Amino acid sequence: MTIFPENVSTYGQDIDNLFWLILVFAAIAFVISLFVLLYPLVKYRAGNGRRADYITGEKKKHFKWVTYALVALLLSDFVILYVEHDTWGNIESVPAISKNDVHVGIIARQWNWIFVYPGPDGVLGTSDDVYVDEMNSSLHVPVNANVIFELRSQDVIHSFFLANARLKQDALPGRTVMRWFNITKPGKYDISCTQICGILHSKMRNFVLAETPEQYKHFTDSLYAANKPAPVAAAAADTTKK
Amino acid sequence: METKQNHLTIPIIKIPQGRLGTWVLIAGELVIFGGLICCYLLFRIRYPHWGAMAAHTNTFIGALNTVVLLLSSYTIVRAHGAAVKLDVAKARLWMTCTLLGGVMFLVDKSIEYAHEISEGFTFTSPKLVAAGDHVGSLFWSFYYIMTGLHGAHVLAGMTAIFIVMMQIRKGNNLHRVELVGMYWHMVDLIWIFLFPLLYIAK
Amino acid sequence: MENTHHKQSFWSKYVFSTDHKTIGTQYMIMGMIMAGVGGYLAYVFRYNLAFPGKSIPFYGMLGPQAYNAFVTIHGMIMVFWVGMPVLLSAFGNYLIPLMIGSDDMAFPTVNMMSFWIFAVSALVLIASFFVPGGAFGGGWTMYPPFSAGGYLDPNPNFFKALFSGTSLLILAVALELVAMLMGGINFLVTTINKRAKGMTAWRIPIIVWFLNIAAVIFMFSVGPLVAGAFMLLFDNVLGTGFYDPHRGGDPMLWEHLFWFFGHPEVYVLLLPSLGVLAEILPVFSRKPLFAYKTIIYLALASAFLSVLVWAHHQFVAGIDPRMATFFSIGTILISIPFAGIFLAFMATLWGGAIRMKVPMMWAIGFIGLFLVGGLTGLFLGSNTFDIYAHDTYFVVAHFHYTLFPDIFFGFFAAFYYWFPKFSGKQLNSSMGKWHFWLTFIFFNGVFFLLFFNGLAGQHRRINDYSSFSLISREPYQTFEQIATICAIGLMLTQFIFIFNVVKSLRKVKTGVKNPWEATTLEWVSDSPPPHGNFNPYPEVFRGAYDYSLPDAEVDFTPQNTPKA
């Protein structure tokens, strides 16, 4: 049994490392606190005429122990904040789009994920975009490329969760959020919705299918060859843009 | 029992209980309106188009209502002054003036509402929505919820003033005049915020 | 005061009573009944999680709509109809007047109205299960547009929309908030104005301080949500578009309004329970509370900071990434005062003469469990790790490790401690110990393994995990089953408590006024306290925690003992 699902993204390892770092701090704090809590229960039991010490705790020589602990906590908090800061910026800000990157759209609706491929021109939001709206379909992406996606929602709030890439982002109706991931290992990975969105919330599952660049090229070529934008999907695109 | 009461009614902080309670109540009410006004302001900054919508509100009636409320606040201050001097008749007279002010405010407001509704600006403004002006319809939703909630407070304040007027008939509970006065000032104060936000800023 | 002169009818004595003790008891009983309802809901959906697709004993088959509704209403009930009434209203009403040496609350009639509005709100909530479409099933956070029916139909049928699960839930919450606001006004005015002679600010017991700080936090955070709830209700029944992005509104507005209240609410629930600890720990360690004044300052600091951290619930909601850093720092800062309070509590034990009675066991158990809850908060307060852990079972386990000890351990500690005050009788202590140990073990059994489920990527509010290959595998399904079995054990354990209470209430009164040898004023009064509480009224000469004074003969010196 491993704690986390297999990590397949470039930044996933940073998040896992952050977990272990915080766990070290938390474990140390837990052990010390538990000792401080339980030791006096053994040591200072009533009985044998024992009378408690009169300590109000207002004096510096007593209170300093609390202060030390608080300073230690504050310091470890800021260490965590410092360590995580770069990772946060890395995940939350979208890199500049270069030629090798893949640009796709993901539209959430009750209760499915619609994937939008940019079409032969490679640019989203043009008339040759292809919408794939099928239950349990896969978002095809090439491995080792930055996949930059525009996340939108048609109706209520959903949340795009790709556990293997350690990525989660809410899809709010009326907003377009840009995020990215870069998957390093070919495979089929679950996409789930983590924001309760109605009766079939638990069936709102699709996949990311990470392929070699050749396979991906083959997939998009056949997709674009077969597809003029379907009328249903085009209508869906209109409602989301409103 | 009486002696115990006497022992207890020596408060450590010498603010009468009712006054303290009213202050706390007012603080709670202000936070409710504060939240609403913050929401309004955030949208207002986002949608400059709201200025065009605000142009449809009747600034004259709004200004008139401001004056009416300020005057009614003045009369309730006079009622409090009379109550302090234990002059029940005068206190009730001044309170009647405040009630009349409240009635006038509500009448003005109804005339204004009627006019706006006849122009198609309602709580949901289906006309604007049909014309595709969704953002404009949201202005009117805010307009009605803010003035409506304020109107409900005017009505609540008037009810309280009326009840206290009945209670002090025999010269008891005169201190309550001050409490309803404080509440009425709060109602007035909220209007002072709503008036520029909804009527003047265009 | 007239009541004492006339014989009271049954109605005015037990039902429409204005006596703070009766109202406190009513709140407590109502809260416990609602805890039963919330527990039953939890039993049903936990059973479904462990054994998906099986018929549930005492319920039947659970469909996805009902599952969502049960999860939602379970959360609602436990926070608003158990935590709030039991911790804030029951403790506040029962204890504040007794502990500051007063005859009653400042506004007894308002107090009574507050309870009955609360009772109506509970009925409205329960009624929402029986309207067409059933109770609301969109999570206790009620995020629009899902909770704003108008997004489906811009011109809703008013009555149909009003009698929907969503509208009734909003109404119930609004009524509950009004009831608590009325109670809060009462707490503040009573504490400021109705203290016994000599009860200066620095002599007030911590629990009274904390209840008042909680009331202040509540009053100043709830206002925007009340306004927001009106807007949500109008979106539902009239078809306005406050939260509908297609009509100019913004669902993010609700997230901000909700969490601006929702996070301080956590501290509203936490502070009264910490107050209970502050009363119990000194009594059973026979030692003054460590750093009394500093604790109050820390609590005031946390009250101030509590309104600056709300957006840490929205790290992945699409807020500006730079804003998240600000809220991350706020979250770190607010952990400091609370850690300080807990450390001061632990320091109280050092050098004491500890009596391990039942209330003390609950208090220690509370701190131990809360430690886990607090430290797992470190993971979630980190915005980066929250990208992964948000809305997973890691969050579920984390907040149950904070709220369960807070609400239930806090309540049981208080109940075992003040039961002699409340009834003049003692609870059976060996049954109390069984109750404690079984609750403690079963609670850990329910939630500890769920941390691992969360880390494996198991997300919340899913009635059927079969679609997800990652998490429907072993050992996570076994963990779910262990959790469910422990949850059932946890609920059955509470019958020990009920049996203990019923049995103890039938015993004769012990006649002991101050069984724990405590110093605070409530033990000066008779047990149970008569109408009007004290005769004669006490005068206060010293702080609330004078235990083991070096020059005193016994190891406790009540507050009404004159200084030598």
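As written, the chain order gives the labels A, B and C, with residue 1 at the start of each chain.
The rule is short, and it goes like this: a residue touches a chain if its C-beta (ideal position, glycine included) is under 8 Å from a C-beta of that chain, and two chains touch if they have at least 3 such contacts.
Predicted, not measured: the structure shown is a model, and the values here were computed from it.
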Practice task
Average the CA atoms of each chain to get its centre, and name the chain whose centre is farthest from that of chain A.
Solution key: B
Exercise for the section: Mind naming the chain pair that shares the most C-beta pairs in contact? Expected result: A-C
Handout entry: Chain centre separation (chain B, chain C; CA means) in Å
Key = 34
Handout entry: Intercentroid distance (Cα basis), chain B paired with chain A, Å
Key = 47
Problem - CA centroid of chain A to CA centroid of chain C, Å - result: 30
Problem - Junction residues of chain A, two or more chains touched - result: none
Exercise for the section: Specify, in ascending order, the residues of chain C that touch 2 or more different other chains. Expected result: 246, 250
Handout entry: chain C-facing residues of chain A, complex
Key = 1, 3-5, 14-15, 18-19, 22-23, 25-26, 29-30, 33-34, 36-37, 40-41, 44-47, 50-58, 62-63, 65-66, 69-70, 73-74, 77-78, 80-81, 84-85, 87-89, 91-93, 155-157, 159, 161, 163-164, 166-170, 172-175, 177, 190, 192-203, 205, 242
Handout entry: Interface residues, chain B side, partner chain C - complex
Key = 1, 4-5, 7-8, 10-13, 15, 17, 20-21, 24-25, 27-36, 38-39, 42-43, 47, 123-124, 126, 129, 134-138, 141-142, 145, 149
Handout entry: In the complex, chain C residues that touch chain B
Key = 1, 4-5, 102-103, 106-107, 154-155, 181, 184-185, 188-189, 192-197, 199-200, 219-220, 222-228, 230-231, 234, 238-242, 246-250, 253, 257, 532, 534-537
Fill in the blank from the handout: Per the touch rule, the chain C residues reaching chain A in their complex are 64-65, 68, 71-72, 137-139, 143-146, 151, 245-246, 250-252, 285-294, 316-318, 321, 324-325, 328-329, 332, 335-336, 339-340, 342-344, 346-356, 364, 367-368, 371-372, 375-376, 378-379, 382-385, 387-388, 390-392, 452, 455-457, 459-465, 467-470, 475, 547-550, 555
